[in-house]
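Here come two complexes built around chain A, the first alongside chain B, the second alongside chain C.
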Partner chain A sequence: MDNSRRKFLKLAGVSAIAGIAAPAAFNSLLKGEAFASGGGSGHGEDKAPTGKRYGFVVDVQKFAADKDLAQRCINACHTTHNVPDFGKDNKKDEIKWIWTETFGHAFPDHSQYKKNTQLVDLPIMTFCNHCDNPPCVRACPTKATFKNADGMVLMDFHRCIGCRFCMAACPYGARSFNWRNPAVKNEDGSYKYIRRPNLDFPTRMRGVVEKCNMCAERLAEGKQPACVDACRPTDGIIFGDLNDPNSEVSKVLREKFTIQRKPALGTKPSIFYII
Partner chain B sequence: MYDKGKIITGLIVFVGLITFPIWYGFGSAGHLPNPEKPKNAKECVEAVDYMRTSHMQLLNEWRDDIVRSGGTRAGITHDGTEYIRSLQKGCMKCHTNKAKFCDECHTYTAVKPYCWDCHIQPKEAN
Partner chain C sequence: MIEKALSGNRLYWTWLAILLAIMGVGGLCYVQQFNYGLGITGMSRDVSWGLYISQFTFLVGVAAGGVMLVLPYYLHNYKVFGRITILGEFMAVAAVSMCLMFILADLGQPMRALNVLLHPTPNSILFWDMIVLNVYLFLNIVGGWVILNAEKKEVPPPKWVKALIYISIPWAISIHTVTAFLYCGLPGRHYWLTAILAPRFLASAFAAGPALLVICALILRRYTAFDAGKEAINKLVTIITYAAILNFFFVGLELFVGYYSNIPGHMHTLDYLFFGHEDGGVLYDNLVGPMRFSMFIGMAATIALLFPKMRDSYCKIGWLCGAIFLSLWIDKGLGLVLGGFVPSPLDYYVEYYPTAIELGITAAVWATGAFILTVLYKVAISVKLTKEA
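For the complex of A and B:
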């Protein structure tokens, strides 16, 4: 008698759990949540967010043609924003807003198998993707990282407590932590790690995370981002409103085949690469 | 009562020492801060009294509005003068000397704002 009651209770328990869990599991499978959100899709298949949505198109071939171009972009960005340079010996302290990656590191979900060497050796300009669905914003406990109305993922350095959750959340490694004080001064009052300080832009302090801010301060003055300007006269990086059908980026995106970094994660990056 | 003389003398000396700061500065208000006003500008973005008491709130409002809400960077005073709502690009264009303007009061009141940990102060003459 005892034995059969136990069996009955077991059976009842299992069927209760199955009854509660099954619809949820089926629903998530139907929606495709099992493979991130919207697996494999970029901007095209999903409904694009409305309003302004700033983005970049990087023409990788322009950087292949001009070997110096990447460095010019990096210098332009880093001088504009007082990004410190701790030298090659201190790689772990490095602060980078825009940098180059190999094809394999930038696009790990694309096959590298038997790809031509010209492609594999190509330096790819990488910077904050200003995702439509940014994981860093969700991870930030103080809302220091936030997405503004124009689709820019920005940082309010005043609010950053340096927990580095955003660094862990970003799948693109686009964030750097200030392990040291970047604004250390020499005896003569010049900055030790900032070669040509831009007196109109602040530095950061030790213990905050920083990243590309899409040159929000330049856009407010009606200028283009510093890296885009540095690419002139070539159109190595094109900037504009992705939702405006008449913008330069939209025209290029309509005409050329482009790829995004790690599209399967569903973050919907706003940087498109012409390979 | 033993050592009456010693104790009373000691107490008088003690009370004298402890109240020294009171009677030393008696009748004078001490060194008051005297921030140097800009020579090339006559009015600030708000009334002087408001700026004196609430400039920090104003700066916080500017920051939140511009950084987070996409607010305008240009401001305009009652008299129609245009200015930039920015510490580095706005305030410090008129108040060019941090030591003689900001520090004057901040040192007096022992307030240590961390603005200058990041924001670059204009080059001072000294």
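For the complex of A and C:
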């Protein structure tokens, strides 16, 4: 083949690929799902992502029935992950992966008017929603926050530069920042702010963001997330693959009426609440 | 050429010494922050950006404001700005340097700052902001320096520099647009989630940047032999006036949309900023005073500038420009960033007060900017004056 012809074919090939790929690339850049099917039903319309998508169902009534349940979940999560406790009166430096909110704060754009009194005082478990379309991932300039193939939104603590752009971006207040060193030690070598350290999980350094990691390290061992285990024997929190029709979460979601937090923002949270 | 900065009168050296002292104190503050972490500031889980990022945001505007000289001079051949265009370019250099310092001061892990370049992330606006700011810095340093050098040697500037200058015009717009995108693309932050944020940023930038420039020009006129010229100052004041009018018009649009739509999320921050919010017997209103003051002096000074009588002395012009600058600094350097965090997305009201350390570092960055500006202006003016003499 002579040189110019080879060149031409190469060029043709490249431009053909570019021609085919460009609109698709452009579309995916713009929206991610430019070809979402019609038959829409308002802002809540959703197209299921393919592959695995892990998610939670939180049964608020179970937490109403057992007043200590919420605290047990929080303790389980926070001890598993060495989340430091700086004391009740230090709200400023607070770090939390899972915590309780009142209905009004967890669902601020739902009407609070004439809600029944029981609901208003109920503790609602809140944690990172592992959004399917996570604004925190979009914002992060270093890929320190990323979404993996199973739909979990994870963090690489060693890459985070501490710009806190992700905190501004998360509409659920799910992220905490290490304003100070969380792993300060006492003279006897024990941690000052971590009461029962878990040696199988790292502590963090100051200056990085952290949040619920869906217990990625436990899932890798075939276990359930710590909060889910802590809820037993009740089914206060159920965990599983939302895309697997036979999973327990899917079953519950088919049967019960559930709501998500701030669905209108298009983040597609993976936590569903049975009210 | 830089040697021109090494000779100066007593006043020049005293001024630099004062700035160095502030930088020294701020440097010590930074050592403290570096050792303890950002917990030493007043920022919190709810208000996770404070003075550093708000100053950064404001100063991007000051940097972009320089284009109000470059554009008429190079694009429309408006000769009157010839003498002071370099001042605009060097102001941009100082302002962008301050922006970068503020970002660095705000990082939890400053040693990892290069991760932004090591792991380029095109979906993050912060990545793009980094790029546009650094390129703008480069454009202004090179452009300003080469043209000044040519002027000194009394030869025409090389052709390629013209290209840089032309690029720098849309680039100035881009730095502030991209900075606005940092904010206005975030879900759940109603105060920032508005398409008019970028235009609002630009309008306030085109008022604040030139206002600072006028003040600098008046100071130079008083303490050095350099005179920007009455016509140039007057033109700048006209630009400032119209940009400020646009800015306040845009603020008005925000108020209308917020209150007429009656959507709670859109009203909450406006309520908090201008009237305060009461919750459980506690009044959250630490920005109400500054914000009202800002609106009042800003609008009053803008209206005043519309009257020729108020422009007939340099003294009046200086004060009015100062008022506009202060007003916009409060509005953008405080209200805009903090307002985005209060109330929080979970509807909590947590107020922010900077700590002494934080104020020290902030002052030091401003002092460093002033230092850079002084040295660059010294060089520029020395060249111009020797040439004219």
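The working rule: the second predicted complex is superposed on the first by the 231 of 275 C-alpha atoms of A that agree within 3 Å, B and C clash if a C-alpha of one lies under 4 Å from a C-alpha of the other, contacts with A are read in each partner's own complex, and residues count from 1 in each chain.
Throughout what follows, a residue touches a chain if its C-beta (ideal position, glycine included) is under 8 Å from a C-beta of that chain, and two chains touch if they have at least 3 such contacts.
Because the structure is predicted, anything quoted here is derived from the model rather than measured.
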item	value
Combined model on chain A where chain B meets chain C, clash or fit	fit
Partner chain in contact with A:141 - chain B first, chain C second, else both or neither	second
First (chain B), second (chain C), both or neither touched by A:85	neither
First, second, both or neither for A:149, with chain B first and chain C second	first
Which of chain B and chain C A:168 touches, first, second, both or neither	second
First, second, both or neither for A:109, with chain B first and chain C second	second
Superposition-derived comparison: chain B or chain C, residues of chain A touched	C
Contacts of A:220 with chain B and chain C, given as first, second, both or neither	first
Contacts of A:202 with chain B and chain C, given as first, second, both or neither	first
Minimum Cα separation, chain C to chain B, after superposition on A (Å)	12
Overlapping contact positions on chain A, where the chain C interface meets the chain B interface	205
Of all residues in chain B, those that touch chain A in their complex	63, 67-68, 70, 73, 88-89, 114, 117-120, 122
List of chain C residues in touch with chain A within their complex	36-39, 43-46, 48-49, 103, 106-110, 112-113, 115-116, 118-119, 121, 123-127, 130, 182-183, 186-189, 264-265, 340-341, 344-348, 350
Complex contacts: residues of chain A adjacent to chain B	146, 148-150, 154, 156-158, 183, 197, 199-205, 220-221
Of chain A, residues touching chain C in the complex	91-95, 101, 104-106, 108-109, 135, 137-144, 159-165, 167-173, 176-181, 205-209, 262, 265-267
